[in-house]
Amino acid sequence: MTLILEALRYLVYVLIFPGFLFCFLTGLLLCGIDRKLVARMQKRVGPPILQPFYDFFKLCGKETIIPAAASKTTFLLAPLVGLAALVVIQLFIPVFRFSAFSNVADIIVILYLLLIPALSVILGGAASGSPYAGVGLSREMVTILSCELPLVLVLLAVAKTVGQALGLGLCFSLTKIVEYQMEYGSLILKLSMLPAAAAFLLIIPGETGSHPFDAAEAETEICEGPLAEYSGAPLGVYKLSHAIKILTMTSLFVALFFGGVGRGLENLVMMLGVSGGLAGALIFLLEILVLFLFCVVLTFLCISVVHAVTARLRIEQLFKYYWTVVTGLALISLVLAWYGL
Amino acid sequence: MFKKLIKESTGKSPWLFHINAGSCNGCDIELVSVLTPRYDAERLGFQLTGSPRHADIVVVTGPVTAQSLDRVLRTISQVPEPRCIVTMGSCPQSGNVFRGSYAIAGPLSKYVHVDVDVAGCTPKPEAVIDGLVLATKILEEKRGQMK
Amino acid sequence: MDFPFLKEAVNGLFSESSCDMYPVKPSEAAPRYRGRIVYHPDKCINCMMCERVCSGNAITHSIEKTEEGDRVTRTFYLGSCTFCATCADFCNHGAIEFTGDYHMIATKEEDLMVTGTFIKKPPVKKAAPPKPAAPAAAAPKAEEKPEAKTEEKPAEAAPAIQPRDDGKPVQDASKCVYCTICARKCPAGALTVDRAAKTWTLDEDLCVGCGTCAEACPKKCIII
């Protein structure tokens, strides 16, 4: 009986709350807000906020063409692999105190899983057998290569700071990191973490493949690169993965640097005098709302503004930028954290 | 219900693909101007895609030269159903001033079914929007007939 | 890295959009915009000048013989039109008009056709023309007419010549310098002008009465 309940609970996790449905709705909504904001910044009216939903459903209703040169199974399964990986990441990222799965080394798992969506793009592109996809996937590879190094350094810096404070050496558990922040205040308030936070903000557009770091999917020069041959539902899944990636990266940022906000929310609910089960539910709802608001603000800062004011970088400029400026910022943070500042 | 959702979404998110079949660049510029802040077709869901496989509406400009004919037909055949073909300007409809030239294989309607013609040389961006909106309606109808 | 447009972007976020909102708000074409053609068949005299000057071969006609005269149907195919308005410029009777209507959207080719039909009466009164020249000479007209025209110049120099009532050109020989411009401009090739012999001859069967010669004459000595 308990086993069934447990299984049901995980099913709800995977399918509804931090899992698929939540990702689907918030991801596409964030994507729509991003498009609207970019349009407003360019003095346009912009598409309706629900536009990504329309796009997704339309793509579901389109014919799926499988190119003659493609290997059919890989071509069709690759987008699903990426989507599944993103949903799994979302299960590991705690919404303040709530976490679907907690582990001793969440960060390492997330680091690995974050590679899979990019790999699925590469896989799908390679399977489609198009020269445009070939160029695109080589660029995609360089992009993840350049993002990965600073990302690892940022995560290491955070893990070191929290680990040192808790006397663990290195703390790779996201749940612990968030709990630490609940106790001692958000990491963003620490001087040594500021460069790391800045580096992470710069990683977000690169990891999600948005302007100006979208050399891999440059639609004007290489026909959207790895996605060139995709049509219909698989393309819709890729677009969905791209939208969910925005959610993943921004909520990861919130978990890493703004975990302490959860404490404030709890205090707020306490102050209102609500108690018992109702308080728990209220806190939970507030937490989701605040997380979403944070995601919107971060999307605006890292994706929309950057999209509106910059032009696409060449792939070697992107690489150079990430391995000098962003890595430098992350390294400063890591060194400071290592000396316990 | 799901089918209805898809049908309505199809009408709200038409993606364009632009083929230049030997155009003088006049229509090409006007098509791009439809996406600029002044006309902003994106508020109706229009988006310019880079690959014909992503497109719903194919906009053909130019008189379909003998050199481009094969490419145009191959590109159009790569667009997944439901699709809509819009000719923009007088050239793809008749050949315009190039009519009768040895280098012209057009008009386009000799080879594929053209859904909407936007006349003008070049059409005003407003006329292009009109044509695209009409194409969107045809697209929605076509989607309704599928499956 | 610097972001030159950051300020504009943030300003744009808080200012009104610069969109025209076209399908919601209708928009007028600019003055003198050349849009959909309107054809006035009642003014047309079927001189074919428009068809000759059309670069896109967009103008065609069909003639059907009836007892009242020739039934002329002129068709403008907007799908082949460059909207250069040369036809309207060449039309001396203002039968072709370019309007500001730019909504030329069609799902069928017929939607882009502008047609007009009129009946062109045959030149009935062959006897009437020589009236201004020699009212007395109403005998055999077939050969006399070209003659009558050429003889005009010595005979009636002082009194102003009167226009013919069938709309065909009359030459004022006192002003004419025989420059041959009218003959070169004539779309129907109905005029023959000999510089040396100082003759101006009109072939009435070819003349459509378009008025191009009168328009082109530098001395304004041709009257319609």
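Order of writing sets the labels: A, B and C. Residues in every chain begin at 1.
Throughout what follows, contacts are C-beta pairs under 8 Å (C-beta built on N, C-alpha and C of every residue); 3 or more make two chains touch, one makes a residue touch a chain.
Predicted, not measured: the structure shown is a model, and the values here were computed from it.
Trainee: Average the C-alpha coordinates of each chain, average all protein C-alpha coordinates together, and give the chain whose average is closest to the overall one.
Mentor: B
Trainee: Count the C-beta pairs in contact for A-C and for A-B, then report the pair with the higher count.
Mentor: A-B
Trainee: For chain A and chain B, what's the span in angstrom between their mean Cα positions?
Mentor: 36
Trainee: Compute the distance, rounded to whole Å, between the mean C-alpha positions of chain A and chain C.
Mentor: Whole-Å distance between the two chain centres: 69.
Trainee: Scan chain C for residues touching two or more other chains and write them down.
Mentor: In chain C, residues 17-19 touch at least two other chains, as defined above.
Trainee: Going through chain B residue by residue, note those that touch at least 2 other chains and give them in order.
Mentor: Only 37, 40, 43 qualify.
Trainee: Quick one: which residues in chain A touch 2 or more of the other chains?
Mentor: In chain A, 42-46 touch at least two other chains.
Trainee: Would you pull the chain A residues touching chain B in the complex into a rising list?
Mentor: On the chain A side, the touching residues are 35, 39, 42-48, 51, 53-58, 60-65, 132, 218-220, 222-224, 227-232, 235.
Trainee: Would you pull the chain C residues touching chain B in the complex into a rising list?
Mentor: For chain C paired with chain B, touching residues are 17-20, 22-23, 27, 29, 33, 35, 55-58, 77-83, 102-107, 109, 111-112.
Trainee: Residue numbers of chain C touching chain A in their complex, please.
Mentor: Residue positions touching the partner: 1, 3-6, 9-10, 12-13, 15-19, 21.
Trainee: Using the touch definition up top, name the residues of chain B that touch chain C in the complex.
Mentor: Per the touch definition, chain B meets chain C at residues 37-40, 43-44, 90, 93-97, 99-100, 109, 115-121, 123-127, 129-131, 133-134, 138.
Trainee: Please give the residue numbers of chain A that touch chain C in the complex, ascending.
Mentor: Chain A reaches chain C through residues 37, 40-46, 305, 308-310, 321, 325.
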